[in-house]
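Notes for the one structure printed next.
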Amino acid sequence: MAITAFGLVYLSSLFAVAMLSGIFSLSAASLYLVMDAVDVAFTEAAVGAGISTVLMLGTLALTTRREKTSKDNKALPLVIVSATGALLIYATLDMPPYGDPAAPINHHVAVRYIEKSGIEVGPPNIVTSVLASYRGYDTLGEVTVIFTAAIGVMALMGRSRKPRRKQKKDRA
Amino acid sequence: MFIVATIAILITMAMALARALLGPSVFDRILATNSFGTLTMLLISVYGFLSGRPEFLDIALLYTLINFIGIIAVTKFVNFGNASHSVREDEQGDI
Amino acid sequence: MLHALSLGGALYALWLLLSGYLETWLLVLGLSSVALTIVIANRMDVIDHEGHPIHLSWRAALFWPWLGWEIAKANIDVARVILSPSMPIDPQVLKIKGSQKTELGHVIYANSITLTPGTVTIALESGHMEVHALTTQAANDLLSGEMDRRVDTLEKNSDGTVEGVK
Amino acid sequence: MQYIHDHFNYWIVIVLMMTGFYMVIAHKNMIKKIVGLNIFQVSVFVFYISMGKIEGGTAPILADGIDVYSNPLPHVLILTAIVVGVATTALGLALTVRINDSFGSIEEDVIEAAENAEDDKTSALRAGNRK
Amino acid sequence: MIVGNFPILAVITPLMAAPIAVLLRRPGAAWLLALVVTWATFTLSLVLLGQVLESGPIYLRIGGWDAPWGIEYRLDRVGGLVMVIVSAIGSVIMTYSRASVEKEIPKDRIYLFYAMYLLCLTGLLGITITGDVFNLFVFLEISSLSSYVLIALGSNRRALTAAYRYLIMGTIGATFYIIGVGLMYMQTGTLNMSDLATLMPTVIDSRVIHAALAFLTVGISLKLALFPLHMWLPNAYTFAPSTVSAFLAGTATKVAVYVLIRIVFTVFGGVVILKNIPGVQEILMTLAIAGIFVASAIAVFQDNIKRMLAYSSVAQIGYIILGISFASTTGLTGSIIHLFNHALMKTALFMVMGAISLRIGGVTITDMRGLGRRMPWTMAAFVVGGLSLIGIPLTVGFVSKWYLIKAAIEQDMLLIAGLIVLGSLNAVAYVWRIIEAAYFQEAPKNAAVAKEAPLSMLLPIWVMAGASIYFGINATWTLNIATDAAEALMSGIIQ
Amino acid sequence: MELVTDILSWGLLLGGSGFLLTGGIGLLRLPDLFSRMHGSGIIDTLGAVMILTGLMVQEGFSLISVKLALMVLFLMFTSPTTTHALARSALNEGLLPKIFNKRQGKKSSKT
Amino acid sequence: MLSRKSVLRVVSKLLIPPILLFALYVQFHGDFGPGGGFQAGVIFASAFILYSLIFGAHAARLAAPSWLTRWMLSCGVLLYAGVGVATMLMGGDFLDYSVLASNPLLGQHIGISLIEFGVGTTVAGAMITIFLIFDGSILNRRDE
């Protein structure tokens, strides 16, 4: 997966980038699965490998296929990135070990979901109960986000082509 | 036994990934991605058995479908991208 | 109409297989889902004899195992080629013509060719296809025409039933 | 040794995150920026999910005979976050298409040059553009 | 039953109105709906603020689950104040918007514009009222996504690039925010703000929490355009449709500031963090002051007045952050009150720009020449706003700057107090340029015959301008709320 | 009985893994795009089918094996189609097989 | 163009109905296994995407006209929020499904099914809209 990511950085063919981001997403989904997040894997598969890639390809078809390789100074981004990374590494030093059942996150809120959701809410899939019931309001927000994106795309690229033509004329 | 299959799948995935990175043409990458998708699907099925909860095959089923749609989309858009920008000197690097 | 009904039947069977729960609520949901699917499929105009699940017909039951066996044989051949250090490949492009009458038949034929490793259909235009073969042997297998015949038989059968219900 | 094993996956995730982040801020191509953003976000998601994993646990779907489940809350959060991510991607791509339409390029430096040139001109032109 | 649910209604009403607006499609109908809904929201938030002032913070659980398990709404004085200002600006601008929107947005997209506007309002209100850090992220994204689109709808093609840059920066900010939330969650196991606050002291010394604080601060700073991270803001405000500039200038950054206050003070126990971790206070203070001076200096040289105002916004954000960085009650009061006041005056100023752009077609300094005579009422409102920006006594700007200076003097930071005064002088420079052009220069010969702005715009402009005078003269109401809120924030932490 | 199914499924899984690896090697070793398609063909057909069948045998007759069978079926439809689509679009792009040997009918000379 | 795509056309005709059904299956079985409204919406939309890829954006627009997707988009959100308002009117908290039926568990079940349906509708509508707009502009570009 890391290799994919590095490959993505260096490839300049945007098509290859789109393909690789599909692969990246697939491997992320496998990782989710290994970490027991079946629902997330499901979504990532549908979204990352499906919708995002297809949209990205559509964009490529509408724009251009190659990145111009620019040889400007990459020092500043590198410094920022390393600083951020160092901060995170610094943070990992105090993190509970991977998979530790005694970690704080597994003790406070989550316990109730696991123990009671079957009785209080019903569905055997705890993720569904939490998503739809305990944190149903988040999901409402999520739906609104998708709604926003859709009407945003409608507003930006909707069918009426007039504004775009006008702009082209302006440029001419 | 499942472990053996898992490892084989992982190795093959690495090979497909290598092909995707090496190219040389876009189509090689697409081909590799396609194989990668199939392999992921297999990996999920096998992993389900490996972890003792094989109920989640829906995901693998979904992968088969999504992979199919993805590849069809790619092949369509590849051709289109070329048709619209037929005179583009910088396409050579891909092919 | 009958197409829609048989598709609906097939889909409902699929639903039962997928779901595995036999509660009334879910069965009803299944029915409505199938109905919705059919309505949409109808809107999309994908219900005709091409979209018909013909692979379920009984003669296909003979075709599939044969194809499977062919695939297995071809697989072993190609695997041997790939694994042998010298890689004795001889890629070539064949032009062949399928003797099927319908487009569906051609498609089945083309896909069967592709399914068999060693040969890939790279173009199909009204029955004329171009096939890329990895080795000479694979090419010869294909040229022997057995697959063509078998697909032909399959097609006749399915076509017959389709004509029957029309 | 144990310590490395315990934290190894966090480090991988961090490396990934930073790769994506680097892609966003260092690259000039707009599509690549969005891909980078995707990678950045996905790695954060992996990070969340890996917090919720419990050794020996299984997927949080209740079944008989299983009593150790992984923490479901991160899964829920990430589901929401994935959706937000797609929404952002879609919008970003739509913007990219529009930018390509009106500037003829999706390279930041080309566009910046065009904008600077525009800035230098007098306000008359701007008023004209405004129609 | 309904009364108890007022907090949720305030957010849900615009949310539900947005899809209805999409279904209505007719521009007039969509506008009317948006108008009714925004005013309803404003009324609701006033009632809520009244309740809060009377009987303390409101807690409301959602979905019938108690707090740490479900999501909780939590409205206290700061939240109430921000909510009132956001919904007030939302409704006033909606009243004002019709003429301007009809001119600037293609006709077949107007309904989408209003839907977006409503969604943006939903997001902003949702942020102010929620008591859950992840829910906050979701609503943050609703408001951000819609504001990207709103900005991109500007008629200049550069609106697109501005929106794109905002999108990239905003998403990085949001991602940083969720990294921070993730780190906090990792150490505490909860996402609820009050719950986090109670658990925080036990883990405060962990490195994970320090990193979380850093990520949250950087992420939010991106959103609120703190000085070195402000790059997206000027272009976004310059090229957005005038209505949008006015709305976002008054609300978006203010809400982001509110988030910062919420996170630093409620969740982390700000005083402890700011005083105990070396460097945090100093860094914030330096950045704030650098922001004030650099942004004001850039503003002086801008020809496009919208961009000048945008840079001035960056500078004003500097003042607000400065107040926070004092970590004292007076400083915080100054911040909160400046947040309120700046929202008032910036909205008024950007609304004036919208009116001018409607009549003249451009908002550069050359377009301003002689406007003082041709659009007297509009320009008078501009003068009021400008004076307030400088901080002349009897305007709101004075009150907040006074508190900031007081806070600086309290902490014996006389240098900083001097710098605040100096920064205000900077504002004089850029405001004066416009006033000079408008009142002391002749209109160009070929200038379009400009009429006074239509009443539907003038009235909202003067509501805002009037408010900035009223609250300048009679500051007790806002001051009381701000002081109480600041005290609550400070004490809620020390305990 | 138990033993028979176990051996059968293990055999299938092992064989499938072998084919997968072969396909992967093919994907890497073969000289041009069209030959590589055969490599990926191995992965898609026998490799995948054998592994899935192995799992089916392991599972016995249940809904899970039905789903596995469905996957095999889908794979049988999608995999040749994608390969075909890919080949077609490659041809459209002007990419030709490395050894382009048009012939009708009989065996021809090696190149 | 179309005649050359016969393989794709036939196979997609065969696959689209099962994909749609699979989407609905995922929609209604979110309670039991992985899946739910969002995933279902995406899969549902991907059937349309496949259709649009093979048969062209025009045909897809005929099958899913813009008014329909707009209604899907809006009604999903309205349904979700509407459930919340309904629970509020029935005396519970916002989105407290327990009051929807006399038995809290049943109420939860009804509520979850409803809102998942809302999610699915909106997501499907949104994804179809977004994709068709992209695809439509590609088509327009080609026509120009």
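Each chain carries a letter (A, B, C, D, E, F and G) given by its place in the written order, and its residues are counted from 1.
Heads up, the rule we're going with is that a contact is a pair of C-beta atoms (placed from the backbone, for glycine too) under 8 Å apart; a residue touches a chain by one contact, two chains touch by 3 or more.
All figures in this text were calculated on a predicted structure; none of them were measured in a lab.
J.: Under the stated touch rule, with chain F ignored, which chains end up grouped together?
T.: Groups left after taking chain F out of consideration (others unmoved): just one piece.
J.: Farthest chain from chain A, going by mean C-alpha coordinates, please.
T.: Most remote chain from chain A, centroid-wise, comes out as C.
J.: Going by the average position of its CA atoms, which chain sits the greatest distance from chain B?
T.: When every chain centre is compared against chain B, the largest gap points to E.
J.: Going by the touch criterion at the top, tell me which pair is linked by more C-beta contacts: F-G or C-F.
T.: More C-beta contacts join the chains of C-F.
J.: Just how far, in Å, is the C-alpha centre of chain E from the one of chain B?
T.: 46
J.: Give, as an integer number of Å, the spacing between the C-alpha centres of chain F and chain A.
T.: Spacing between the chain centres: roughly 31 Å.
J.: As a quick test, compute the distance in whole Å between the mean CA positions of chain A and chain E.
T.: 28
J.: Using the average of all C-alpha atoms in each chain as its centre, how far is it in Å between chain C and chain E?
T.: Once rounded, the distance between the two centres reads 61 Å.
J.: Two-or-more-chain contact residues of chain D, please, as numbers and ranges.
T.: 17, 21, 25, 51, 58-59, 61, 63, 73-74, 77, 79-80, 83-84, 87-88, 90-91, 93-98, 102, 129, 131
J.: Residues of chain E touching 2+ other chains?
T.: 15, 18-19, 22, 62-63, 134, 138, 141, 145, 148-149, 152, 157, 179, 185-186, 191, in rising order.
J.: What positions in chain F touch 2 or more of the other chains?
T.: In chain F, 18, 23, 25, 37, 67, 70, 74, 77-81, 83-85, 88, 90 touch at least two other chains.
J.: Which of the chains are touching one another, listed as pairs?
T.: After working through each pair, the chains in contact turn out to be A-B, A-D, A-E, A-G, B-D, B-F, B-G, C-F, C-G, D-E, D-G, E-G, F-G.
J.: Name, in rising order, each residue of chain A that touches chain D in their complex.
T.: 1-2, 5-6, 8-9, 14, 17-18, 21, 24-25, 28, 31-32, 35-40, 43-44, 47-48, 51-52, 55-56, 58-60, 62-64, 67-68, 70, 72, 74, 77-78, 80-82, 84-85, 88-89, 92, 95, 97-101, 103, 105-106, 109-110, 113-114, 117-118, 124-127, 130-131, 135, 138-139, 141-142, 145-146, 148-150, 152-153, 156-157, 164, 166-168, 170-171
J.: Mind listing the chain E positions that touch chain A in their complex?
T.: Where chain E meets chain A, its residues are 15, 18-19, 22, 62-63, 65, 68-71, 106, 108-109, 112-113, 115-116, 119, 122, 126, 134-135, 138-139, 141-142, 145-146, 148-149, 152-153, 157, 179, 183, 185-191, 195, 199, 203, 206-208, 210-212, 214-215.
J.: What residues on chain G touch chain B, complex-wise?
T.: Result: residues 8, 12, 15, 19, 22, 26, 33-35, 39, 43, 46, 49-50, 53-54, 138, 141-142 of chain G touch chain B.
J.: Quick one: in the complex, what on chain E touches chain D?
T.: 134, 137-138, 141, 145, 148-149, 152, 155-158, 160-161, 163-164, 167-168, 171-172, 174-175, 178-179, 182, 185-186, 191, 303-304, 357, 361-362, 364, 366-367
J.: Please output the residues of chain B touching chain D within their complex, sorted ascending.
T.: It is residues 51-53, 55-56 of chain B that touch chain D.
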